[in-house]
Amino acid sequence: MAHDIALTDILQRRQKIMDAFQFLGEDQQAKLEYLMDLGEALPSLTAAQRSEENKISGCMSKVWLVHREEKGVLILAGDSNTVITKGLLSLLIQLYTHQKPKIIIDHDFSWLQTIGLYQIIGAQRANGFAHMINRCKMVALRYYKQKV
Amino acid sequence: MPTPSSQDSFLDTNLAAAFPILQQKIYQKSLIYLDNAATTQKPIQVIQALQQYYEQYNANIHRAAHTLSSIATRNVEDTRAMIQQWINAATTEEIIFTQGTTAAINLVAQTYAKQQLNAGDEILISLLEHHANIVPWQMLAQEKGVVLKVIPVKTDGTLDMDAFDQLLTAKTKMVALVHISSTLGIINPIEQIIQKAHARHAVVLIDGAQSIAHMPIDVQQWDVDFFVFSAHKAYGPTGLGILYGKKQYLEMMPPYQGGGGMVAHVTTHQSKYQPLPYKLEAGTPPIASICAFQEAIRFIQTIGYTKIQKIEHALLVYAQELLQKIPAITLYGTTDVKKKIGIIALNVQGMHHLDVGLLLDARGIAVRTGLLCTQPLIDYWQVDGMVRISLAVYNTFQDIAITVQALKNIIQKHGT
Amino acid sequence: MPTPSSQDSFLDTNLAAAFPILQQKIYQKSLIYLDNAATTQKPIQVIQALQQYYEQYNANIHRAAHTLSSIATRNVEDTRAMIQQWINAATTEEIIFTQGTTAAINLVAQTYAKQQLNAGDEILISLLEHHANIVPWQMLAQEKGVVLKVIPVKTDGTLDMDAFDQLLTAKTKMVALVHISSTLGIINPIEQIIQKAHARHAVVLIDGAQSIAHMPIDVQQWDVDFFVFSAHKAYGPTGLGILYGKKQYLEMMPPYQGGGGMVAHVTTHQSKYQPLPYKLEAGTPPIASICAFQEAIRFIQTIGYTKIQKIEHALLVYAQELLQKIPAITLYGTTDVKKKIGIIALNVQGMHHLDVGLLLDARGIAVRTGLLCTQPLIDYWQVDGMVRISLAVYNTFQDIAITVQALKNIIQKHGT
Amino acid sequence: MAHDIALTDILQRRQKIMDAFQFLGEDQQAKLEYLMDLGEALPSLTAAQRSEENKISGCMSKVWLVHREEKGVLILAGDSNTVITKGLLSLLIQLYTHQKPKIIIDHDFSWLQTIGLYQIIGAQRANGFAHMINRCKMVALRYYKQKV
């Protein structure tokens, strides 16, 4: 599944994710399978990219995030040694890639509660997910500060 | 015997109703529980929370791979966050779960103090201390050659602050002091003591076992370095204590115990430890007690410390007034109700404290007698024990009236 | 998938019915709990015993002056006596209440071993150890300069007894060994090891966290010096562990923590300690858990170890047979059911253990994944984690059948 | 209350104690008061008799027991710093004084359960009471061994 970068508006992208989970309703197993599908579809990083520097600490599994800027927007890619975490990362990238740093910095993640993700991935992984979100915001902040 | 009139409208609440054990009969008499300094009773919410834990989400925590474990983990961390806010700690990393006040003090003695203090350094305690805040320091003194000094009390049981000023020197590296005396109910001027100790670069541990249920705690405002208490003395379950420590101190401390949960990486020749708070929490903690303690905190917060203090203060005033009128009763320590909480230590002339305790018990009244785990203080009064009445928020004027009447009867029959 | 027929008449008992949590749904699916090595669920009797404690006789123990305290004290001592008989200790003085297995091992390391061992002396552990039986000895090694040696395992996960014979020398002062591996379920030949260690005058601590619920313990027959376990892994409440120690060793040990209950006489400059077992139990113990643990012991004794072993053995045989038929599944350690209890560690080819765990969880099946608090052993297999299925007596053939079917589905969908 | 040494038969003495407690029924307070009456009636020992040697350890309060032999029977007296314990001791003396050592050694105390004493004095004191019983038996044993 490629990321729909055509949807430039972050709120539209968010809606798309919410719709997908809403469709799956209360079926936790299906949500997990969906996350795994996302994870399996996300292209892997090269061994070189899976460096200590790119690693996000605080997650149960190993997670890497790479980034570059292109014409004022941030381009993100990532990988993980577990498929479900890769799926989570994929959600994040889906939302954030090809966005302006300021938009990433300002985005409020409280809507995640509504899609029941925390229930299915559990407290510990939710914690790890928060670390991923943080890393994205930190990266965005760095680019943003360079510019201003 | 008159009881205070209904003008005290805050007394309307029947808090005892939430405590199943208080509905009980002891020897066909309703239980009057006045041993709250030893342990408080538990409201039904706490008991139900334990049941809920075991019936709905019992699981081992950390590194959770499954839902139950995830729920249990979140609940444990929720309790930590509640405690942090409750006592106004700066971060949740400063809240460590232990087995009790005793374990928490031993932890600080065996990690922080053992590492930071050297032979000849001095630790100040007071004559008011519970054994839990004496023996760990004696053990350390023996092991490390640090010197234990004791702040004396004045004849009314309050701390001798002049003596404290004298004892506090450049050699003092640690002050370990009880917040409220478990025997006399006297509240120590800890803010002043902390300030003076800090001015001398001494680190302060406050034993809050008797304060947590009775007055608001603010570790940041007081700038206290370590603060310890037990859940079971604050309407919570047994087997759980809390160590608050300033992050800077907790971070410099080596781990106390080794085991699961406190390590990040283990090989057979060495281990890397987890960050705070986990570094100091080895093994499976008392998960059920931690989860259920939330309900105890909620119980306290729902009533509010203002009201708790008002109720307990009124009960104390009433009890002391009645007791002071009985010539055969000796009260220990100041009776100035501005300086103390609802703990009253007494003896009956010509009677042994054990006999008084047992005779009260036969009337369904539970008090504690003996050395009360504060032998140095009891020795100071040159008696071999006391009878201690200690109040909680669910006690009533009727409890007091019945108890005083019982004491009068006992004195009439058996006193000299 | 066929399940064993009703010829196995001992399987009729519906033990799960006594466990309220097992009647629950996780994601609309019935909970299948296979994380028993982490903690077992609790039968209703245990939950009710906790409730009874708090609703009927909650009080602090020792030096009781009143009825509640007297009842609580007697109940705590009754539990001690039950445990003594259960594991066949010589006297109740040899049974010490701690917060858990971890606390018990740390206690022995920090008292007995710290006092009796000197720099250069050796402690033997094995590669099978839980972190709780590694880190305390590493900490001691660092503090005292004692040397930690590790008994390796053979490729099937069993202890390399030849290596043990080599490692056991006159320098070995202590052997600290897990009874049953929490990761592989392998039962170590502890009787033989104890004999050999004693012949060399080494003292032996056995970590019985994984054996207590699954096989009869006889500390006198085995002549073991220290034996430790946790109540929560044996159908009992959280926050309670047991240290058994031979009286001669416990007596020579200094106290571990100082506080109330463990002292006979206190002055501010020194204290006299209580006799065993109290010397080693400072502060208010987890009274509710201790009292309720009686019901857990009764639960085990009512079924009986013979039947427990029969049930769990049959479940293990069934599970291994089914799992061995799945090519994508790797099982770790010996599958010889004579050498192990109902713990199975596995991985699915091409899948991360965390993903497998979460996918099982979404189907209502609770297993543990990851390093399982035995990182050196996991490292030995050169993986970064495993999926662990661990059984208790209330598990059923249906639990196994559903779990294996779920694994098959997962492999079909996501495996390589 | 003087000890009824006229009743030489220990079973009769036991019956007398049981009757007294039976009469008090379920009234724990009355039982306690009765014990205190017994304690108050028991003559005190002299300061010299309240020696370390005569002290019974293991009791919550201080308890002393003195003994001598006269014509083949043991004569006991005792004291305590708490009245209730003194009452307990009085019960024991009531039962044992002026008895032959062998009778004291052989006497089985399980009947004590039936009078509800343990309930009223509590576990800790029951423990102390057991120490008193033990001391009596030890004393009796010593005299007995000297004789044979």
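Residue numbering begins at 1 within each chain, and the chains themselves are lettered A, B, C and D in the order written.
Please note the rule applied: a residue touches a chain if its C-beta (ideal position, glycine included) is under 8 Å from a C-beta of that chain, and two chains touch if they have at least 3 such contacts.
Computed from a predicted model, the values in this text were never measured in an experiment.
Taking A-B and A-C together, the chain pair joined by more C-beta contacts is A-C. Among the remaining chains, the Cα-based centre furthest from that of chain C is the centre of D. The centroid of the Cα atoms in chain A and the matching centroid in chain D are 80 Å apart.
Between the Cα centres of chain A and chain B there is a gap of 47 Å. Centroids of chain B and chain C (each the mean of its C-alpha atoms) stand 32 Å apart. Separating the centre of chain A from that of chain C, both taken as means of CA atoms, is a distance of 40 Å. Counting only residues that touch two or more partner chains, chain C has 27, 63, 65-67, 69, 354, 358, 361, 370.
Multi-chain contact residues of chain D (touching two or more other chains) are listed as 60, 122. Residue ranges of chain B in contact with chain D, taken from their complex: 27-28, 351-352, 354-355, 358-359, 361-363, 370, 384, 413-414. Put simply, chain C touches chain B in their complex at residues 20-21, 24, 26-27, 31, 33, 35, 38-39, 41-42, 46-47, 50-51, 54-60, 63, 65-69, 99-103, 105-106, 109, 125, 127, 130-132, 134-139, 148, 150, 230, 232, 237-240, 254-263, 265-271, 282-289, 354, 357-358, 360-361, 365-371, 373, 375-376, 379. Listed in rising order, the residues of chain D touching chain C in the complex are 60, 119, 122-124.
Of all residues in chain A, those touching chain C in their complex are 26-29, 31-33, 36, 40, 60-61, 81-85, 120-122, 125.
Chain B contributes residues 62-67, 69-71, 73-74, 77 to its touches with chain A in the complex.
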